[in-house]
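Can you keep this structure in mind? I'll have questions shortly.
Order of writing sets the chain letters: A, B and C. Residues in each chain are counted from 1.
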Amino acid sequence: MKKWLVVIFGLVLSGLFVGCGEKEAENVAGEEQTEEKKELRLVTDAAYAPLEYMEGDEIVGFDIDFIKAVAEEAGYELEIEHVGWEPIFVEIEGGTADLAVSSISIRPDRQENYDFSYPYFLSTNKILVREGSDIKSAVDLKDKVVAVQNGTTGHLAAEQILGVDNPNLKKFDNNNFAIQELISGGADAVVADNAVVEEYVKNNPDQNLVIIEDPDAFEAEYYGILFQKGSPLVADFNKAIQTIFDNGVYTEIYMKWFGVEPDIEHLKSLQD
Amino acid sequence: MIRVEHLKKSFGNNEVLKDISVTIDRREVVVVIGPSGSGKSTFLRCLNRLEEVTSGHIYIDNVDITDPKVNINKIRAEVGMVFQHFNLFPHKTVLENIILSPIIVKKVPRKIAIEKAYDLLQKVGLKEKADDYPASLSGGQQQRVAIARALAMEPKVMLFDEPTSALDPEMVGEVLEVMKRLAKEGMTMVVVTHEMGFAREVGDRVLFMDQGFIIEENTPKELFENPQQERTKSFLSRIL
Amino acid sequence: MNFRIDLIIEYMPYFLRGTAYTIGISLLGILFGLILGLFIGLGKMIKNRFLSFPFTAYITFFRGTPLMLQILIIHFGVVRALLGETNGVFAGIMALSLNSAAYVAEIFRAGIQSLDKGQMEAARSLGMNYYQAMRHVILPQAFKRMIPPLGNEFIILLKDSAQISIIAVPELTYWARVFQGRFYKVWEPYLTAALIYLFLTVVLTFLLDRLEKRLKQE
């Protein structure tokens, strides 16, 4: 029975990989030709303003400015592509993309299967509610309907409060849908990255939404660049991150997007 | 019983009936003949308003059926029609075909409708086929069922629209036989047909139509043996 | 690559719960789609162009726009306007019903118009009014002809119901995506969900074939 399943899956998979294989071959050829500036394929889920999102048909955001600076420092060229959240992990695991920047939290379970760069960003989950809501802290979420983006740290954080796969926890494709659900009355709260909720509230003051912080319930998270396990690129990029931390480029980018100074020393203290 | 006054019928710009006036008496059998495209089927279909007339009037028992206010369903229930292609309901058995309309239109109790249907099937010689579906019957048998179905409504007049044209030659006789018997019983009938033998034997009167007009009308004997109009003569010479 | 059958087994209760939702929502979707579709199909057959226009417009809209967008518009727009808040299951059933109604209407119209004109004439010549003729003569025959395309529409609807996972309706595809979000695995959840869909459509095809054969024998 098990064998039979493996054979079927194998057939399906091999069919899918034929397409991917061709692409890989191209990349390899490309690398050989341009010795000086290697082009890397970077994948992202550009639906996470202000860290990465689409402006017209261009992918922009803090993460994008950051990784461009790092790549330049490390001597690589980037081909950035928006593939959605879930395909990021497939592409990196399968080697069809070289690296991913997409507000990806460094977590032990992810570290089992992937490599991360040094942390480059501090984030924490926050709760977004409608004005006048009786939700004051994370524990108040227990009997509420909560909307999150599927597979994010916000999803996991909310799951810890509501219980695994509680039907009151609605998992959407992206945070915009989750926030829309909140505004429409289909959910009482959204749990998501501070950057996302703050950006949303800043841009939509007329929606009367309130941000609630609960540092006791939501641990701080650190974003890192995602690589395939054992990727030789990690060292180059770590070195480059260090450089832009020190030469002021990182601070400049951070100020441009968030208007405040980053706590670089704190991020550096986590490197080991 | 039927009085047609200055009946005209056009399909778009094509005038198919150009001023038809004729009277048909009770118990009379009128046979309509003519070349194809002469308007004879359209004329017949106007008599139960399957075609809406363009102008003119048709009175059945002094009721003007061309009046938009008239209840046409009531009129049609009293005017039976038999089609060239039978048009039996293929999803219903022979018996169900016959009792359907009496039950839902005339509200005849089912038991009585069934008794009546068996009588009619006996009359057309198909009593043993009551529970068969139309598809399993021959063309001649289907047409006899169609006649029984029309008779089940106890119509005052029966219209036949080329009832034998779609039949294999060996089946024509059985259908004509049923129609002859009906004529003998005194049914008022208007028959569009190419069967000249039937016209001669059963018809009280023959109408010859061509290009939307009634060119000539007379007893079958006179019309066939002594046609007055050139067009009648040339038509008869071609088919007899 | 290591294929984690153990995760699939662990997650099976959610797949099964999702499957129950998928079945329930699809059944309700096709049921309302049928009722509404018959009505719209009849409306489209009205000879007066002004009266039939709304029905024609309806069919054009729902066949001419992506189901995914219809789902989003109905969920965040229509249902919110109707109920004052969003309700994923309600919006999902509504979107699938409204969408399939457009296709059912066309199937219905084609089924009726494929019948010989003589059937209607024979019924009317026997004194039946339009509705009696429809009910006793035309529709029973048309339905028989509509069974294969309607069955096909049902299968399409069952598969299309996967799209309502985007508004977080906890059906089969939703749970497959949640699985992926939780374990960062792709093949396990999606192949499992695909096999369940395949099983449902194969069973459905089998049942529809039998229904068709039985109707043919009648």
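The criterion applied here is as follows: a residue touches a chain if its C-beta (ideal position, glycine included) is under 8 Å from a C-beta of that chain, and two chains touch if they have at least 3 such contacts.
Keep in mind it's a predicted model, so treat the numbers as computed, not measured.
The minimum number of touch steps separating chain A from chain B is 2. Look at the CA centroids: the one farthest from the centroid of chain B belongs to A. Compare each chain's C-alpha centroid with the centroid of every protein C-alpha atom shown, and the nearest one belongs to C.
Averaging Cα coordinates per chain places chain A and chain B 82 Å apart. The distance from the centre of chain A to the centre of chain C, with each centre set as the mean of the Cα atoms, comes to 37 Å.
Averaging C-alpha coordinates per chain places the centre of chain B 46 Å away from that of chain C.
The touching residues of chain C, when paired with chain B in their complex, are 116, 118-119, 121-129, 132, 136-137, 140-141, 144, 218. Put simply, chain B touches chain C in their complex at residues 48, 50, 73-74, 76-81, 83, 85, 87-91, 100-101, 104-106, 146, 149-150, 153.
Contacts from chain C toward chain A in the complex involve residues 1, 3, 5, 14, 76, 80, 84-88, 166-168, 170, 174, 177-178, 180-182, 184, 186-187, 191. Listed in rising order, the residues of chain A touching chain C in the complex are 2, 5-6, 9, 12-13, 86, 89-90, 109-110, 113, 147, 150-152, 155, 165, 167, 170-173, 177, 180-181, 184-187.
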